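Should a chain be cited, it is by its letter among A, B and C, assigned in written order, with residues numbered from 1 in that chain.
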């Protein structure tokens, strides 16, 4: 069934990555009742960050959109470590942190990179509540970090 | 029944705004089980930000309190798009992001602007867990952003 | 039963503080259904912050780890105000905000201070989803703030 999700993403040119290994004392995703909570995901592909630095400074908004998209794909891969993606009945919340300096104001455009992945994967069930904010810095120097909460059935 | 909430707010001189229209791939609020998750709300009134810039820099703490209040009212209006306000049995969490520079330390005062709205609306059921933090920047240059989670019955 | 948790922590040299009093219109923790939501906790001991300033600037990473540890202990004490610690069946999410300047990239190391407390207290049930991000400033000038969500049975 999760094949449907993979196919939908492929139609948009998106590929689900292998989930990153659980690290130390925290894990990629936790299932609690009917919800799956996903750890903050970085724009990491094959162990390397796609871009490095603050958005609007070292990283362009266009590149940051690609980063947000990759974070979101990594988040879906993380869901897959504790639940079938086909069991997702609703994307509940997406949190997007954008590494940025004072004066930056394009958070919504960057965050759309993540939101669009949810719609590509789940259609109407992918429509979610969202908080996009600016971070003074992010782990490993990443430009974007994305958190995810989904309801599973 | 939601009339009660409106009246309580009016007694404090507060008016519930019309909810902002759902935008693109994310929505103002999602109901999942017995909870309503509200997207990060900005201090937007009639399509314009109440203030612009960082708190403690371009925006005074007093003005930021008004912004937090408006964000909170917008958050309640967003709850109303997916549930009756009178069905709220508990305000669970309020997240307050304060756009600020290094050295700013008045987050709690700003966040009280949002917290007070919850008590005005719901009395004891409005008492919530809260996280107030500093953001390097916020969408559209807003000084404050408020997220909300409520339990509905 | 919560004695077990206290003992486990003591074996690691960790002591559960007295919970901070609930302040004004928000509270230390809210129970909603089978979950306990804890307010953002600061590295406060006996009414004073352990350190003051940004991590990587005024505060060393090593000191910030101790701060994260203290925040996490305060968070567990807050859980105890609304539920027995022995009723915790899973630590669901830990949110770690690190006060920092552009270029800081050691968030994961700081956040481990909080994550390790959860494992010390709950063993495997302490493994959680986590988001670690950089804040431009934090309440009272704190270097670290930790939010907590646990499932209780």
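A few points about this structure:
Here, a residue touches a chain if its C-beta (ideal position, glycine included) is under 8 Å from a C-beta of that chain, and two chains touch if they have at least 3 such contacts.
Keep in mind that this is a model prediction, so the values were computed, not measured.
The two copies, subunit A and subunit B, are related by a rotation of 120°, based on C-alpha atoms and rounded to the nearest 5.
Copies subunit A and subunit C of the same chain sequence form an interface built mainly from non-equivalent positions, shared numbers / all numbers used being under half. Chain centres here are Cα means. That of subunit A falls 24 Å from that of subunit C. Among the residues of subunit B, those touching two or more other chains are numbered 99, 101, 134-136. Residues of subunit A that touch subunit C in their complex: 22, 24-30, 32-33, 37-40, 54, 57, 95, 97, 99, 101, 134-141, 145, 147. Note for the complex: subunit A touches subunit B at residues 34-35, 90, 92-94, 98-105, 107-108, 111-112, 115-116, 118-119, 126-136, 149, 151.
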